[in-house]
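Structure first, then comments.
To keep things simple, chains are lettered A, B, C and D as they appear, and every chain counts its residues starting from 1.
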Amino acid sequence: MRFFSDNAAPACQPVLDSAAAANALDTAYDGDAWSKRLDARFSELFETEVRTLWVPSGTAANCLALAAMCPPHGGVICHRDAHIQNDEGGAPEFYTHGAKLMLADGEGAKLTPDNVRAVADAIAADVHRVQPHAISITNATEYGLVYQPDEVAAIGALAKERGLGFHMDGARFANAVASAGCSAADVTWRAGVDALSFGFIKNGGMTAEALVFFRPELATDTLRRRKRAGLLLSKGRYLAAQLLAMVEGDVWLANARAANAGAALLARAANGRLVHPVQANEVFLRVTADEAAELRAKGFDFYDWGPGEARLVISWNQTEADIRPLAEAIGEL
Amino acid sequence: MRFFSDNAAPACQPVLDSAAAANALDTAYDGDAWSKRLDARFSELFETEVRTLWVPSGTAANCLALAAMCPPHGGVICHRDAHIQNDEGGAPEFYTHGAKLMLADGEGAKLTPDNVRAVADAIAADVHRVQPHAISITNATEYGLVYQPDEVAAIGALAKERGLGFHMDGARFANAVASAGCSAADVTWRAGVDALSFGFIKNGGMTAEALVFFRPELATDTLRRRKRAGLLLSKGRYLAAQLLAMVEGDVWLANARAANAGAALLARAANGRLVHPVQANEVFLRVTADEAAELRAKGFDFYDWGPGEARLVISWNQTEADIRPLAEAIGEL
Amino acid sequence: MRFFSDNAAPACQPVLDSAAAANALDTAYDGDAWSKRLDARFSELFETEVRTLWVPSGTAANCLALAAMCPPHGGVICHRDAHIQNDEGGAPEFYTHGAKLMLADGEGAKLTPDNVRAVADAIAADVHRVQPHAISITNATEYGLVYQPDEVAAIGALAKERGLGFHMDGARFANAVASAGCSAADVTWRAGVDALSFGFIKNGGMTAEALVFFRPELATDTLRRRKRAGLLLSKGRYLAAQLLAMVEGDVWLANARAANAGAALLARAANGRLVHPVQANEVFLRVTADEAAELRAKGFDFYDWGPGEARLVISWNQTEADIRPLAEAIGEL
Amino acid sequence: MRFFSDNAAPACQPVLDSAAAANALDTAYDGDAWSKRLDARFSELFETEVRTLWVPSGTAANCLALAAMCPPHGGVICHRDAHIQNDEGGAPEFYTHGAKLMLADGEGAKLTPDNVRAVADAIAADVHRVQPHAISITNATEYGLVYQPDEVAAIGALAKERGLGFHMDGARFANAVASAGCSAADVTWRAGVDALSFGFIKNGGMTAEALVFFRPELATDTLRRRKRAGLLLSKGRYLAAQLLAMVEGDVWLANARAANAGAALLARAANGRLVHPVQANEVFLRVTADEAAELRAKGFDFYDWGPGEARLVISWNQTEADIRPLAEAIGEL
């Protein structure tokens, strides 16, 4: 059984069905009926007027958002373990034409206003230093921690105070919302977030993520940047259809709850070995190399995550029956 | 009936089936079984060792190819009506970090060595002038003309003589090969082409194009550029599966032949009105505004293409029964 | 005697003296007394509030101006023979992160509103086409023609109507103003110009050009871009001092008048051979290869400018005694 | 008396004289007699064949060097307090089109192979992580420490082992060489350095730095990048003349020794307060806010450098008579 990541799981049936249903001639690019429904559908979900663009990857969503907030000569404050810093092959620098990522500390890859201030306050406001223009947080974080709405709002208030844009990388936004038990609105725009990379691919999607702008004016140039990046697929309806399927009937929440529940199951078995609290669908364990080998010998695959640690990620489609054997194997270590 | 473009047609059944079959857990990014078969499968098709990358758009394929051949301070010679110049929202400049497109003339958007030389020879070889580093041609051209292998080879020889890379934008490569009746190899690497944007989306695909490198070493950095552009989809297998379906059993050729045949049908009806010879699946007609209105009144949709011209594009799935009424309507003008 | 260009002549005495006078400790970068006087001094010259930055080259001035007006995904309309298109090694694309130069026709490299409209009107206002964001003209033009204030104003009105920025490359602005007999204000901001590359190096300066913003808010980010381009010299006072010397006592006009007079002298001798009217300090002659050789045999150096043409440029320091022998030699051809 | 920095001091007489002597017509750009002598003169100085380009700022030298070594998708390992990271307004990212600076630790801004390895070894060699392509060190460092040749050579060996380029930011290279008592060759190319930003402006120059390539092939594209950055001044001879004056008769060493001696004088007075050993011309003192105020009240100006620290920089032209009062004032604190 594979616990490497949730990013390679199958797509869920509603997504497959919806994509198949999109297989009829319609206007090209984003002029089709599916794409045109995105704004309304996501505005409903977020209880405010939003602009929503499909993109084929989370990296694309993140980087288009950053480019909308930060000029080439600016900087983006993020955690030093952020996905945008470590896992996107320099895409933020590509899309922003060389803006600088400014690395903050924070427990479990989670930022607080103090972490942000520590970075921002060290930067003299002169022409020699790159100035911060935005903050980017990941929710759930790279270590599976979840922001509560008030935690986001505290950063949002700081962003507003300093005139900084505020982006949320929500590659696992569904898991975060399912875990926090809040509304999608509470943890985003009501907390000051300007743009959200709303991830679906890890949560039962196929090839579509949503880039949601809570400040609709940010979408205007982004439409051009999306085109300029080769991301304006001519048959975009297949992507739009995936997104619509995920939000219809709250499939996104159901899938995320399933994955979170699986992780919780593991967490209970792994008590005492947890590197971080398990709040979403990722479990970081302290295991020796021998223990890791033992788990693998039993057929469980996962990534080592630094020395003495392992990362186990639960996908939306993994059932209790899939996970229980791993939980037991961990218990037996 | 819509004759706007072939870029919004449905996907063909083999593509749908193959994408559906890819809906099982596999390694992420391009580590899956489908992606791993691409090199071998396309090497077979091209009768030489090639490297093949899936990308989600033709613009992405074109621009990654250009970035592999041309430094930021260089230039790419192309036709002034080339898609990369007029229809990609500045993507070539984005991917190449500001290389310059150098615009050549040529009948029907088709280049000859003389057209290329006219551009290149006017550029002093000093540090003040941007120097050409590559040539890019479109086959079939933006006006539906098709290069014969010897025509490509003549440009390829010039490219080699001048030390220039040679890229073919093959958004409608299938239509071109079907029309020329040559092998895919003859009109590409045997004629000096270094990289091909091999289009499938317009020809019955869904969301996947192939970027084929005939100089395999060009692929190395391109893998990083693809990632850096947010184009390395985590579930790339859905894209790879589409490409494999298209080349399996020569679906790509069958689809292209069907579209070409439809265009030929129109061409016969439109004799005397043709702006360009009809060699692939595009038909450019001389029609007055009144005539265009008359066609539209009968239910045929298409783009005006400058004053007194109309563009009609036939898709792979349009049958003789679909097209005959249009042919007749044109005949009746 | 050398008539290649005015860009390699000696600096005039006031410039040398002023630079020498700046050789005392002062605040670094642009915090020194000289740099701080620029805004006031140039505001006086232009009869309105301007922001003025020193830069070490005309290319830098041009490209910073363009970057202030045009986003990476935009375009700049200019003449196809413009210096920014042909002689700056791709610097506009570098500074703008890949904006596109959109090439217009126009007699003698001079643009009219019609020339600009011919380019702009051909660009569909959709996401697939790069949209124009600015117009750039050169005054005096690359062929030595001079804009009258009303000619600039006609383009300025068009720029305003279309929401385009308006830049003037004034590498030979002094020659243009001296020739037009207008005020510096009339031919710039009063005619709708937003930014001027005010050239001094060709006109008796050493290593400093002025970038003048008539919309002061454009200067803000430009200060950061100047730094980011490595152009914020730590001893900027030597550059500021040069600019101040040039405007003090209208040295800039006196030098330009001298050069223009020399060109006029040649023009009279060359009557019948002139490719363009001589309005500033450049003379383009029709000469056969034999005639060019004859002139060179007599010790006169100059550039061939295409087949059957020669370019002769008069520098600020060339006297009638220097020029008369050339005038006579041309007369004797 | 000002001890802010050495970057605003007057130019020394040989530089002024040489620049003045360059005030005669000569070929434009870098075709003049002065520019053409650079390669030979610096090759002599470095006892090997080098290519040497003048540039108008240290930032320009650094960033052109980095762009020659690192592609847009790569990274450069440097100290987290490096000038390229903190004081160049994002210029490295501009010139490299978004390469990433990878920040290493190291006492006094000085790197060791271990510091470099700590960064490099944490980067998985996959497509998701930006890969290092170069190492950049500053000599003397941002805190005035000096590398011995063997220390540089140890990093050079690591660079070679890993296939990384090796750049030295020598804004105060003269001070470093004067301090180390080594040859310029020993601490650069013999120690594996590929490119040196050889600073003169802080050391008695006016507006010219030298970019020295020990791998001559790196100069080729750099000539184009220099042009493309607007740095190819048309009267480059004024810059070349400054460089020639500085190396003639070892003015560069004499000036640096003078500045170093001044710093040593302060260091002796400041014994016990030194934050870093004083090895070049910078002195970092532990002083309370009250003590700093006391020094300022006596007429000494300098920068605070974080809480409880002050930075004092000695310029080439400051004499013992200038410095002794400060030394005494420090002694009296």
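The criterion applied here is as follows: contacts are C-beta pairs under 8 Å (C-beta built on N, C-alpha and C of every residue); 3 or more make two chains touch, one makes a residue touch a chain.
Since this is a predicted model, take the numbers as computed values, not measurements.
J.: Taking each chain's centre as the mean of its Cα atoms, which chain lies farthest from chain A?
T.: Taking each chain's C-alpha mean as its centre, the farthest from chain A is C.
J.: Across the interfaces C-D and B-C, which one involves more C-beta pairs in contact?
T.: C-D
J.: Mind checking the centre-to-centre distance between chain A and chain C? Centres are C-alpha means, answer in whole Å.
T.: 50
J.: Whole-Å distance, chain B centre to chain C centre, using C-alpha means?
T.: Inter-chain centre distance comes to 42 Å.
J.: Just how far, in Å, is the C-alpha centre of chain D from the one of chain C?
T.: Taking the average C-alpha coordinate of chain C and of chain D, the gap between them is 34 Å.
J.: Among all residues of chain A, which ones touch two or more of the remaining chains?
T.: 72-73, 88-90, 94, 97, 127-128, 224, 227-228, 232
J.: Would you mind writing out the residues of chain C in touch with chain B in their complex?
T.: Answer in residue numbers: 72-75, 86-90, 93-94, 96-101, 103, 127-130.
J.: For chain C, which residues are in contact with chain A within the complex?
T.: 29, 71-73, 97, 127-128, 131, 221, 223-225, 227-228, 232
J.: Which of the residues in chain D end up touching chain C in this complex?
T.: Within the complex, chain D contacts chain C at residues 2, 4-5, 7-11, 16, 20, 23-28, 32, 55-63, 88-91, 94-95, 201-202, 206-207, 224, 227-235, 238-239, 315.
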